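First chain A sits with chain B, and in the next complex the same chain sits with chain C.
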Partner chain A sequence: MLTEVLQQVINGLIMGSTYALTAVGLTMIFGMMHVVNFTHGEFYMLGGFFAFQLTALLQLNYYLSVALAILAVMAVGFVCERVLLAPLREKSIDTTVLVTIGLSIFLQNLALLYWGPTPKSIPLPFSNMPLRWGPMVLTWSRILAVVITFGLIVLVHLLIQKSLLGKAMRATFQEKDAARLAGIDVERIYALTFTLGAGLAAGAGALLGSIFLIYPSMGNIAILKAFIVVILGGMGNFLGAIAGGLILGVAEGLGAGFVSSGYKDAIGFVLVILILMFRPSGLFGKARRL
Partner chain B sequence: MRIPAIAAAALGVGLLPLAVTSKYQLHLVIMAAIFAILTMGLNLIYGYVGQLSLGHTAFFGIGAYTSALLALRLELGFGWTLLAAAGLAGLAGAFIGHITLRLREAYFVIVTLSFSEIIYLVVVNWVDFTGGPMGLPGVPSPAGSLPGVGAWEVTSKVSYYYLTIAVLLPLVLIVYRMIRSPIGTAFVALRENEDLAASVGISAYRYAMIAFVTGAAFAGLGGSLYAHYVGFISPEVFTFHYMIMMLIMAIIGGLGTISGPIVGSVLFTLLSEYLRVAEKLREPIFGAILMVSIIFMPQGIVPLAGRLWRALRRGRFETP
Partner chain C sequence: MKGIVRIVAIVFFVVVLGCGSVGAQGAIKIGIIEPLTGPAAYDGQSVVEGARMAEEEINAKGGVLGKPIRLVVEDGKADPAESVNAAEKLLVRDQVPVIMGAWASSATLAVIPVMKKNTTPLIVETATSLKVTDPPSEWVYRICSNSAIDGLLMEKYLVPALGFKKVAFMAVNNDFGRAVVSFWGEAVKKRGGTVVLTEYHAPGEINFAPSLTKISTSGADSIIITSDIQTASNIIKQTYELGLTKIKRMVTNGIPSEAIVKLAGAEDSEGVLVHNYWVPFAPPKGKEAKNKQFVERYTARYPNKPVDKYAAFGYDGICVIAQAISTARAADPGKIKEALKKTKIDGLTGNIQFDDKNQARPYSSVSRIEKGKPRLVFHLN
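Right, the complex of A and B next:
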């Protein structure tokens, strides 16, 4: 019983860390730009497919492929931001919601055209035999996913907290007009935030795609999970998104193991509704923090 | 000018099956009319009150499943299944609205979407009751018996067309009366400036609730008509695909106008049929249409046509 709980908790933490990675970008984009980015799931999906393209079809090294996939999706994100979102800067949140929904349908169906509906797997450079650690079972791909995920999160956290650029980002987040007055190019910060967020989602897609399979509609569930995490952690709250991701992952792991695997995906939605009824600013208090 | 126009429209609607003789084209018209009902409901909460609900498919699905289950399990007649669909969808709207209408902007968008997902998951997993992913085949075509008339059944496309119109027209009238009443004024006041509306005593919660529940009941009616017409429903009715269709229709027709949802539904149904030529590019094009229409034509066709008409009469084009 206890080992079963532990196993589910570990599985949950692994899933949760990739949820966190997707949600961190989403929450930054929301906090900074006030955009609910429905295209985020497609960045996640493209991360998986670019990694697949590079490893399986071009025979590149796995780690290099993941890195290149992230960079390629960042380029896609940058273009989308400049072309579609930059002209809509002062529009209502509904406008950007609808535009990003349109973009998401567009990208997802292009992926379906190009790669087809059959799920694909990303070839791994190591043997993915289950590792036994006492009664628990793990695989290398899962361990690797957690390690890289936390590496990326720490990297972004350092960027935001320690670098001059991060300082400009935090300033823009807190008060964009004052930041502009202080000489910060707010437009550049927006583009950077969006690009960075797209890259993080792509990383999550490539890593989770290495554990499971990749397919064109994989972003649909990922974006819903990311929304849940963002609300759990408080919209715009960086650390909240990480905690929210882990909490959702563990709650789902335990729910699937002990309640019902069919309703696993409903747990997050119920959590969100409860949170918004009783603690609208998220689990961790103050809503506006980066 | 108004009365002849309305009479001409009524004549056109009434005689349409004479002009559209191909069964397939009539099928498209019926689908457009069903979508018009759904989109009119969405237009109330999004177009008039200005709250973007992404959960409208939940009410469409609830209506479809209510009708199908009542017809299949309890063998109720069409009148009852239609009423029950509207009633249950409206009730669900009141429940979901009670929770979500306190929220604004991003939260409202995400939580309405969450409810729709929860209901989808319940329908997929509650296999004994809903048939799960396999859906419910064999939903009977509308039938019942009326005192004095006897038993009736709607089987042909032409009669289904008239049935759909018989549901659609009273709804148009309801929307028309509602929008021209103080309720409609309150809707628009909330959309334009919620704080200002509140300062003159308009309760955002109450009026948004009226729009939301009415819209949900409309979607329930649309779901019921859809289930009886197609004869088969599956959890697919809850998918985001339908939400996108309704959004595109509402936007290209004209948000916050009475005829916009109808114009949008007819146009988009025809357009998506012509796009079958493009085959696999059809879905990406839908995405592009949504983006382009919200960026370049957020007001929709109906207000644009109105301005063109006035420009023709006065010889000068007003910019909004």
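Right, the complex of A and C next:
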């Protein structure tokens, strides 16, 4: 019983860390730009497909491929932001929502056209033999996913907290007009935030794609989970997204393991309903107005 | 000025619409509803590819009633609401006299009332929930098997031959998955086995660690897996990663072994039992030549895709429809329905002929994946 609980918690933390990675990007974009980015799931999907393209078809090194996939999706994110979102800067949130939904449908169908509906698997440079550690079971791909995920999160955290650029980002987040007055190029910060967020989603897609499979509609579930995490942790809250991701992962693991697997996805939504009823600004968020 | 532009636009629009219908008047339309996007898109595309091959072959031989046939394909996304929309579109806009679809059991069950209301026959090509043909309808004809038939056939083998004594089910949470759990579960219990655990998952789920961890401590000696190709492959991959390979694993409902090996890997899928309908590597006696020809033609047309049962059922479905239209001597829904009752075809998937519930009896078998290759264990009958 105890080992089962422990195994479920470990399973949950592994899934939760990738939820966190996706959600951090989403919450950053929302917090700084007030854009609810429905294309986030597609950046996640493209991360997986680019990694597949580079490893399986171009035979590149796995780790290099993951890094290149992230960069490639960042480029896509940058172009999307400049072309589609920049002209809509002062428009209402509904307008940008419609644009990102449209872009999401477009990218998903583009992937369907180019890579086809056949699911793909990313070849790994190591064996996926189960590693036993007492009664626990793990695999290298999962351990690696957790390590890289936290590496990326720490990297972004340092960037935001320690660098001058991060300072500018935080200033923009707090008060856009004052930041502009202080001489911060707010447009540049927006483009950068969006690009960075897209890159984080791509990282999650490439890592989870290595554990599971890649297919054009894989972003649908990912973005649903990311929204749950963002609401749990508080909109625009960086640490909240990390904690929210881990909480959701563990809650799903334990819920599916000890209540019913049929209700695994419902657990996330029940959490969201409870949060919206009793703490609408999220577990870690401060109340603010849109 | 603006008014003139508008009138010109309307005229153009009408002309364009007119062109469409004039061009189509020569051909007999056949509606198809398959998932072309979403998690089931891979399988849906296969059905359409098989259907396209039949279309080409039939048209090369001069078509039906002296006219070519033309497939009108709509994306049902394996979703009940989308499939109903697709059916309405085909019936109202395209006025097709017959439809093949809608891949998933839940989607098919949603489409059936629409077909009845429009008094147009539906050929069910892959949906296996018993509810599709029970209670039977004069407008619904199923060429694939159903879970009740499968359960009955498997009863002789599951516990006695394969030793599935303590079974855990991992099934997709819809009409398809629930039907397999109930009928295969019956088959296990009737022969003294027990069902220790039933784990349902949402369509499109990717993470099975919670369910598999539960199964590993439940004392189950076997897992019966029911889902779509990619989900089933994901489950197999994760049974291996969580060290559950000592437990016997079986995948139901004709998921192609080649796809499982490709998606889950040879090492991960070693020893997995697969319940097949049509398979390229083990044709029943007397079907070898017909099979070989189909496999060769399909591989020539779609070189990167292993041929599977979905393509075979898509192919057979269109052949059944073509023969029914030709017997009916008219592309008229009512007459096609009458003709379907008498239709008899030497198909890829079996000798197709509908019983009093409009259900055909396709072939089925069980194979085992050994070193990345499927090997026939036995034919079911």
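We adopt the following convention: the second predicted complex is superposed on the first by the 285 of 290 C-alpha atoms of A that agree within 3 Å, B and C clash if a C-alpha of one lies under 4 Å from a C-alpha of the other, contacts with A are read in each partner's own complex, and residues count from 1 in each chain.
Heads up, the rule we're going with is that contacts are C-beta pairs under 8 Å (C-beta built on N, C-alpha and C of every residue); 3 or more make two chains touch, one makes a residue touch a chain.
Bear in mind that the values here come from a model prediction, so they are computed numbers and not experimental data.
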item: Partners on chain A (chain B, chain C) - clash or fit; value: clash
item: Touching partner for A:59 - first (chain B), second (chain C), both, neither; value: neither
item: Partner chain in contact with A:95 - chain B first, chain C second, else both or neither; value: first
item: Touching partner for A:130 - first (chain B), second (chain C), both, neither; value: second
item: Which superposed partner A:262 touches (first chain B, second chain C, both, neither); value: both
item: Touched partner set for A:277, first chain B, second chain C, both or neither; value: first
item: Which of chain B and chain C A:118 touches, first, second, both or neither; value: second
item: Partner chain in contact with A:109 - chain B first, chain C second, else both or neither; value: both
item: First, second, both or neither for A:235, with chain B first and chain C second; value: first
item: First (chain B), second (chain C), both or neither touched by A:220; value: both
item: Superposition clash, chain C versus chain B, among 43-51, 79-87 or 133-141; value: 79-87
item: Shared contact residues on chain A - chain B and chain C; value: 108-109, 112, 220, 260, 262, 265
item: Residues of chain C that touch chain A when the two form their complex; value: 36-39, 41-42, 44-45, 173, 199-202, 204-207, 209-211, 213-214, 217, 229-230, 233-234, 237, 240-243, 262-265, 267-268, 305
item: List of chain B residues in touch with chain A within their complex; value: 46, 50, 52, 99, 103, 105-107, 109-111, 113-115, 117-118, 121-122, 124-125, 240, 244, 247, 251, 280-281, 283-284, 286-292, 294-295, 298
item: In the complex, chain A residues that touch chain B; value: 30, 36, 84, 87-88, 93-95, 97-99, 101-110, 112-113, 220, 224, 227-228, 231, 235, 260, 262-263, 265-266, 269-270, 272-273, 276-277, 280
item: Footprint of chain C on chain A - complex, ascending; value: 3-4, 7-8, 11-12, 14-15, 108-109, 112, 116-119, 121, 127-128, 130, 132, 137, 139, 141-142, 208, 212-213, 215-218, 220-221, 252-257, 260-262, 264-265
